[in-house]
Amino acid sequence: MTAPVLSVSDLVVSAGPKFDIVRGVSFDIAPGEILGLVGESGCGKSMTSLAAMGLLPSGIRVSGGSIQLNGTDIIRLAPHQRVQRGCGRMAMVFQEPMTSLNPVLRIGEQIQEAVRVHDRAASPPARARELLDMVRIPDATHQLRAYPHELSGGMRQRVMIAIALACRPAVLIADEPTTALDVTVQRQVLGLIRELCDSLDMGVLFITHDLGVVAQLADRVAVMYAGGLVETGDVVPLFAAPRHPYTAGLMACLPDPNSDDPMLATIPGSAPRPNEIKQGCPFAPRCSRVDDICRRGAVPITFNDSGQAARCHFPLTCEAPE
Amino acid sequence: MTAHLISLTRQFAMRPLTTLGAAFLVLVVLSAVFAPLIAPFPPDAIDPVNRLLPPGGAHLMGTDHFGRDTFSRVVYGARLALLIGVGVVSFSLASGVPIGVLSALYPRLGRVLMRMVDVLMSFPSLLLALGLIVILGQGVFNAILAIGLIYLTTTARIVYGVALRLRAEPYVEAARSMGAGTWWVVTRHILPNMISPLMVQASFVFAFAQLGAAALDFLGLGAPPDVPSWGNMLAESRIYITRASWLLLWPGMMIVLTAFSLNLVGDWLRDRMDPRFRDVVRK
Amino acid sequence: MFRYVIRRTGAAILTLVAASIVIFGFIHMIPGDPVYVMLGDGATPEQVAALRTRLGLDEPLVLQYLIWAGNALQGDLGQSVFFETPVTQVIADGAETSILLATMTMVWIVGFGIPVGVLAAIRQGRWIDQGLSGLAMLLASVPTFWVGLYLILIFAAGLGWFPSSGFPSIFDEGGLSNLRYLILPSIALAAPNAALILRLTRASMLDVAREDYVRTARAKGIKPYRVVTRHILRNALLAVVSAFGFTFAALISEAVVTETVFALPGVGRTVVQSILRRDYPVIQGVILVIVCLYLVINLLVDLSYRMLDPRVELE
């Protein structure tokens, strides 16, 4: 196995004393690999990715763990500090294509700005045109002169990807990049990300709340619940046999193409808010397999033969307790 | 009730400056009400021997060019400040609210009324007030009308904006579609929701009325010269400033602190206000 | 864009017509016979009749308005009763002072209000921000004439750095150095308005700093200084520009008072003196010119705002 390009371990993000939004998250991403990070909205996916980028909003800070990019620790460094210290490169595409581009600057200027920071050697206009070609935006010369409001949502998200690629990132973080797009456009953007990941040998952290998207796109999956990871594993075995009851519950919520039953299952109850989490497994109040031990102390991680990890006392391949 | 008081106290503690401002306003009201008890001299008692005395002795804030006691005049000046403030706020609300509400309820009428408001707003505010003074003549009451006219326009605009937004609220639409009468909609849904934006507006209008009235007094077009208003005191002190700079200090400080306190209170009210209307109520 | 310009200009002209009716009607709303009021008690019947005819007060109202408006369009605003010269001449005499005063004031407002507002925003919550924001609110609560009187007391009477009143033309002896007469007045006039622009700049900087595209800019690895100048400031200034029409109106109002404090021979003081002299043609003429100017400035502000913001270009 190749060395990971991004390695996050025991990351803790807090919004105040005793108010942890992300509680000890660890994962690795290898070059050319897409890691899908899934979980309900509000579970801390965006905060994890913003912490990795060094872009946490004011009032929220990293209070533990480490983040290594190509072996160097980059935790608590803002992007411009990373540039100054010549650390490895990381870029991010955000969820809201409508508001993530500066409305008063032309697309070309916004791309060239990123080129100038990261690619001293390149000629910014030429490189910008090249980047638009890479993200399959036709008629690049014309589009470079456009303002964001003149483009569709899908186009803007491609521009965001172009800006991200401008810094030749080793890791690309995409935080729900397709949630705001309609289905056909969504498929094109997903295809583009897969293609760029393979051709540029980038590691990709792909964040979504949609298990279906993960199944299509990711190589490996990490499932997040209430600020912590509950299960990680390769995409195929994980979808074939989820081990954590929460993962299984999420999958039961997916519409089943082979079934006529129009009713979708739901997981009873709702996820705890960051300040409501008590001792033990945070999923315990909603879990059908819960036992006394689940409500006490830390829950250990268990692995099965295919390396699928789950933070559960009673993973699904074992017998349920009486 | 106690819980309410406690939370109010805590809010004040978090904004010490606003608390001081509110305390100062209470002081102004008290000195207006009890002026005859507080003031050591009648405000118009002339004493030619003791002209332009510096602060100290029997005259806490000194005396003016007629030998009148500045402290007593400052205390009595609170009466006029209050009168102007209450008058301008009442006039602007009593005229601006109906105009705004009617315009929101009846769009055709609204177009005409709001157009007229726009026309009035195309006059710089002090010129509008001066024009009215020319027509009405000088005097306290006319100054109130003239300044009130300025804030009629802004109040009507704000009320119109808030009322339009409320009218589009689903529950108001539902009430209307179920046949609720206009009067009922106005009294049950629109006016009660209007109270907090109007309180914010009232405190800012009260503050700016002080500055407007002081400017009119200074130009000699406000309260008659014998009235002890802070603005008049400043106007009279003008030629003596090098000899008796204290005459400039006290009434000026009263105007500044009153307006500043009202602005602080207005800001505090605005921060507590329903965020839906915050962009409508802007200075 | 072109259609917008036409529509917006049309609306401004309509407002101007309505305002001119108000200004015209104003002389007829004065209780009593304005001619007697203007001439005072000692006027002979012949003088009264002559002035009535000169002001056209014997014609029907509509005709009077049309004549007055027609003359105004041709640059004739009537005669001053007091000076017995054309009103346009009276306005022209005050124009140099008022224009220079307004320009100098604008320099202070833009030169201090915007940079200090930016400073307060980037130091949000720190003591410097709290101090500046408090100071701005205090300044917005201070009467301009009071500031003016204190400036005279300290810098003119006390230290003798600047003259305390009057303004000789820059075309007379002294030339441009005569501008020193306008330094104290323009500072007094700028104080409350600069405070307003400061607060507005700070607030809109903070609003923009929360936008997603600012996060995108940071993600690119641009230095914080560049993020502020290129992404935050540029967008924040759009809101500030749109407030300049209002600032101009406030400036005119307060110039009336400031010119009186410093005894400047400007248009504002002319208004006050004409009110005291009951010189109605001058009052009407000056107000008409000012409203006209205000509408033009508002129009320009509005159009430039739309030019600066590419989002509205398509409408």
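Order of writing sets the labels: A, B and C. Residues in every chain begin at 1.
By definition in this document, a residue touches a chain if its C-beta (ideal position, glycine included) is under 8 Å from a C-beta of that chain, and two chains touch if they have at least 3 such contacts.
Remember, it's a predicted structure, so these values are computed and weren't measured experimentally.
If you draw each protein chain as a dot and join the dots that touch, you get a simple line with two loose ends. The greatest centre-to-centre distance from chain C, using averaged C-alpha positions, is reached by A.
We define each chain's centre as the mean of its Cα atoms; on that basis chain A and chain B are separated by 55 Å.
In this assembly, the C-alpha centroid of chain B lies 23 Å from the C-alpha centroid of chain C. Across the complex, chain B meets chain C through its residues 17, 115-116, 118-120, 122-127, 130-131, 133-135, 207, 211, 214-215, 218-221, 231, 234, 238, 241-242, 245, 248, 252, 255-256, 259-260, 262-264, 267, 283.
Against chain A, the residues of chain C that register as touching in their complex are 211-213, 215-224, 230-231, 234-235, 238, 308-311, 313-314. Residue ranges on chain C touching chain B, taken from their complex, read 15-16, 18-19, 22-23, 26, 29-31, 134, 137-138, 140-146, 149-150, 152-153, 157, 196, 249-250, 252-254, 256-257, 260-261, 271-272, 275-276, 280, 283, 287, 290-291, 294-295. Residue ranges of chain A in contact with chain C, taken from their complex: 53, 55, 78-80, 82-83, 91-92, 94, 96, 99-105, 113-114, 117-118, 147, 149-150, 160, 163-164, 166-167.
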